[in-house]
Amino acid sequence: MSDIHSQRDLAYVRTEEAPAMPAPLTVSGPIGWMRENLFPTPINSLMSLIFGALLLYVIWITLEWSVFNAVWSGEDRSACIGDGAHGACWAMARAKFGQWMYGFYPFTERWRVDVVGIVGVLALVPMMMPSLPYKRINGIFLLGIYPILTLILLTGGNFDISFLPTITVNIDTGESSLNWSVWMVAFAFVLAIVVPILFLGFVAKIISPIISAIASAAIAGGVALLLIIMSIDFGLPYVETSKWGGLLLTLVVAVTGIVASLPIGVLLALGRRSNMPVVKLFSVAFIELWRGVPLITVLFMASVVLPLFLPPGTSFDKLLRALIGVALFSSAYMAEVVRGGLQAIPKGQTEAAQALGLTYWQNMGLITLPQALKLVIPGIVNSFIGLFKDTVLVGIIGLYDLLLIVQAANTDQKWVAPQTHSTGFFFAAAVFWIFCFGMSRYSMFMERQLDTGHKN
Amino acid sequence: MALLRSAQQGEGSSMSVTTGVDGPPKVAFFNDPKVRSIGVQAILIAVIIFFGWQMVQNTLANLERANIASGWGFLDTTAGFDLSFTLIPYSESSTYGRAITVGVLNTILVAFCGIITATIIGFIVGVMRLSKNWLVAKVAEIYIEIARNVPLLVQMFIWYKVVLAALPSPRAAWSIGDTIFLSNRGITIPKFIWGDGAWMIGVAVVAAIAGIVMLKKWAHKRQEATGEQFPVFLTSLAILFGLPLLTYFALGAPVEFEFAEQGNFNLRGGVGLVPEFAALYFALSVYTASFIAEIVRSGILAVNKGQTEASYALGLRPNPALRLVVIPQAMRVIIPPLASQYLNLTKNSSLAVAIGFPELVAAGGTVMNQSGQAVEIITIWMAVYLTISLLTSAFMNWFNARMKLVER
Amino acid sequence: MKRTLLSLALGTAVSLAGITAASAGTLDDVKSKGFIQCGVSQGLIGFSNPDDKNNWTGLDVDFCRAVAGAVFGDGQKVKFTPLSAKERFTALQSGEIDILSRNTTWTMGRDTSLGLVFAGVTYYDGQGFLVKKSLGVDSALKLDGASVCTQTGTTTELNLADYFRANNMKYEVVAFEKADEVIAAYDSGRCDVFTTDQSGLYAERLKLKNPDENVVLPEIISKEPLGPVVRQGDDAWFNVVKWTYFALLNAEEAGVTTANVDDMVANSTDPGIRRLLGVEGDFGKAIGLENNWAANAVKAVGNYGEMFDRNVGPETNLKISRGVNALWSKGGIQYAPPVR
């Protein structure tokens, strides 16, 4: 009793707990953070100081050149020459900006590029966000309808699909006994007949002959419809590919390269794992050949030697030649990425599929590939980043990609000046960095998303 | 490609054939997996041969039509142009073939140097990125993100500008005791003129290396037996430099030096390394190192944390723990992607054509332009790169097999 | 008009759609497709470069426009293919372009062994040297031991080697893929000497930080006749290109300009001019064109003098004087056979 009493009476005894004191300044707040993370030991402190100084120096010279000493406005080269001009010549970049984005695309037709770009972004963004629905429809749009839309808008559509008369003319003139084009068409016809039959044969076994017949007809009809759409005259002026340039061309080369390389890459990866020796040998040789040589030599081949491989008197669109080179090159890399995914799928999946009576293609299409491709999405994005950066090489064969077109400013009498060169490079480097950094962050995000916890 | 698809379909049928208990069921011959497989492969071969034949025919017809001579005879023609950097004697009166050889050697040189430096930088930056020091980790991250995401060609131009801007003109060259000069014409060192008996020095170097290998084995054995450590690294260094130096003085200094001296325009004499090489070498190393750093980082992160903790528990300090426990295990994850980075570096050296270093593509390109032999030159390019690539991957596969976890 | 752009969507039909039968004779081909495909440089100030309005400008470019004018009566019916030095000959050989107008030096080797033929000399050039004034060099013969920056894959590189070898001098060559890199390297002190064709020296000087601290040496070490190239064995097309060039020279000699060409056609009494402009005689028909082909060529780009002055002349940033490129009657060597 008395104890309690005395305690209550003692005025100097606290009745509630004292509030916690803030941690000393040296272990909390910015100072504490710095002690913890920058200066924990003498060696660490020294490293912090060295790297801090280095970082500040690099930031300073970059800003000095690109901002403080830069020329922001002017009418022609006179603004960027003389004593005051030791920094970037942004006046030139402003005058050339449209060209850097669109190349030599006619001014009045640039809206077409804008439409392609806006539609592409609107379709791609929901596709890239895993939480949003309608992936299938979106995918069909992006891979089926969008490329045709792009092709028609960028070139103007109205293609000549009447290649059959070309052959008759060639036969009539009789300049060579077996014309390449005749063989190509014969080959296409054989394919057109054989593939549906094979398709019918395989599908008919497990589904019904009627459905497979409808499917074959749908494919044939789709191709015909495609040809018809491509040959319609929409009244859009024709813009030949030699007028494409700048960021537009860079994106066209990179996106076409990656999209074309995906199916080829999948086939090559399957071929490499095939147990038919010829198929396997062919796939391995193809992959190793393209992976073993630099892209620059592939592009030289596409631009210089490919015309020699074609029959006398034929020529290819230059952009298409480069695209073929880029697609073949990247498909070899894609094949290896996909093979990595295929190897990661446990054998039990295939065995289970076989036990259920699925054919090879059903197993691949429904069981193995969906899992494998999902696994390698980060790898595909990384390949795309690599390809995107590699597109600067198409400049070497004379296509005005972003890097070449910023250099073209240096041959314009109106703007040529000592800093023109560096300014263009700085701009190109910045654009490439933004795209590649964005994509690499997305790839890391997807990696986390796809990590379904199966890995240890 | 479409044919390949049908080839695959052939294979598909083999999967669908179910083998019954009572022996194989009767199938039509065109459904027999073996027949199908052979048929499909035969078609593939036929198509490849057909296209190859068409290509050769067309090429020959085109070359004939354009009056272009084909063949390898042009390799013996006098080149008539000079190259700025050669490992073997070369002048404008040498042949095209020699010009290409110079290019091949230069490619190998820059690839070899680049691989070594990129590996070193890559490992340092990869470890830095995992540093507990916030600033060090950030600097490593910024470096990686910039170097990885800007095209190499752009970086090459920037490095070339930086290298040229940073160095003085040859008249104001920096020098170390008038023996080694550094200017925007490159780095110049004295030229060795080998006298009598100089070959003994080479023998000494070989002997030193052999000695080091033996020393290492002995030290390892001793440590296993007694637990005592031996400062192998420092001793090796002493042997490597000491033995040849000793031989040099013992033989009465048989090597003379030709020092570079100021000429009218350039330094005269000596042996030089041009700044284009430096720019290419920096750009390749820095670019590839950023990829290697990420490989190293993920390799280290792939090693179970328990390994580090266990080594700490055994009393290892952080540095030896990293060196002796973590990195050897990480290497197994690191080596395969590292090998493909080495290949990339070798292939990327072909961009040197943009900054004027005469490697294979640059030298070959000049020959192609002067002689018009496009097909031959591109064939040479592809063959050489393919050979280098295959040799590198063979070596890395061997190395990988050695480093693999040996499971008992 | 239906067009034959290749589309990947057509799969195996790809190589069919793009076929252009170049073997049928270039002139007929050009007429039937309605434009001339002209190979130009990827960018050489004053000779060919795209301006910020997306138009190609320059002397080489204008020559193609003149040919288009002669063939179609419309100088805009021409499409340009920028080519690197390495690609240029293959592009012409394979039929990708109809005419190569890309500051290409006429040499015997190129004229005889590549299956090509030069149609004229639109610009007489010669290789020169640019050095820094501070070096105190006043002659190319004092360049022993110098570092020389040049462009790879050109005759420049060969002439340089010849010159130094002939004069028993040593040198170090640094050869780049593009002219931009060459001049940037020279400006940053990598080389003592910058060498290229004289026209190029004037053009590249514009990129220097301090152009006035550099001097062009008096020696011209080579002959560099630059001109348009066509495929060998295609005489009709060769004649069109060759005579378009002569017509531009004859027009200048006769005083026919863009401003007065219509007036001349209507009112000139000079028989030489009347023949040139197609008022008299059937000279146009003889080369497979309209009779007013030359008048159309002049309308498209002006006469040779106008073309020169507009692109590289003293009024431009390049400030090149006519020199040897003046007409023979004015002390130069540009000389055209008469239309008769």
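By written order: A, B and C. Residues from 1 in each chain.
Heads up, the rule we're going with is that a contact is a pair of C-beta atoms (placed from the backbone, for glycine too) under 8 Å apart; a residue touches a chain by one contact, two chains touch by 3 or more.
Only a predicted model underlies this, so the values are computations on that prediction, with no experimental measurement involved.
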By C-alpha centres, the chain nearest the middle of everything shown is A
For the chain pairs A-B and B-C, which is connected through the larger number of C-beta pairs in contact?
A-B
Give, as an integer number of Å, the spacing between the C-alpha centres of subunit C and subunit A.
38
Roughly how far is subunit B from subunit C, going centre to centre by Cα mean, in whole Å?
42
When centres are defined as mean Cα positions, the distance from subunit A to subunit B in whole Å is 27
What are the residue numbers in subunit A that touch two or more other chains?
180, 191, 300, 304, 307-308, 310, 312, 396
What parts of subunit B, by residue number, touch at least two of the other chains?
2, 62, 65, 157, 161, 353-354, 365, 368, 374
So which stretches of subunit C touch two or more other chains?
11-12, 86, 90, 93-94, 177-178, 184
Applying the document's contact rule, which stretches of subunit B touch subunit A when the two form their complex?
1-16, 18, 37, 40-41, 44-45, 48, 50, 54-55, 58-59, 61-63, 65, 132-136, 139, 142, 145-146, 148-155, 157-158, 161, 343, 347-348, 350-351, 353-354, 361, 365, 368, 374-375, 378, 381-382, 385-386, 389-390
Residues of subunit A touching subunit C in the complex:
77, 95-96, 98-99, 104-107, 147-148, 151, 155-156, 158-163, 166-167, 175, 180-181, 184-185, 187-188, 191, 226-227, 230-231, 238, 240-243, 256, 260, 300, 303-304, 307-308, 310, 312-318, 320, 323, 396-398, 400, 404, 407-408, 410-418, 420-421
List the residues on subunit B that touch subunit C in their complex, please.
2, 62, 65-69, 80-84, 92-93, 157, 160-161, 164-165, 169, 184-185, 263-266, 268, 274-276, 353-356, 358, 362, 365-366, 368-370, 372, 374
Tell me, which parts of subunit C touch subunit B in their complex?
11-12, 85-86, 89-90, 93-94, 113-115, 135, 142-147, 149, 152-154, 157-158, 160-162, 165, 171-178, 181-182, 184-185, 188-190, 192, 232
Touching residues (chain side subunit A, partner subunit B) in the complex
33, 37-38, 40, 44, 47-48, 51-52, 54-55, 180, 183, 191, 194-195, 198, 202, 205, 263-264, 267, 270-271, 274-279, 282-283, 288-289, 291-297, 300-301, 304-305, 307-312, 354, 357-361, 363, 385, 389-390, 392-393, 396, 403, 422, 425, 428-429, 432-433, 436-437, 440
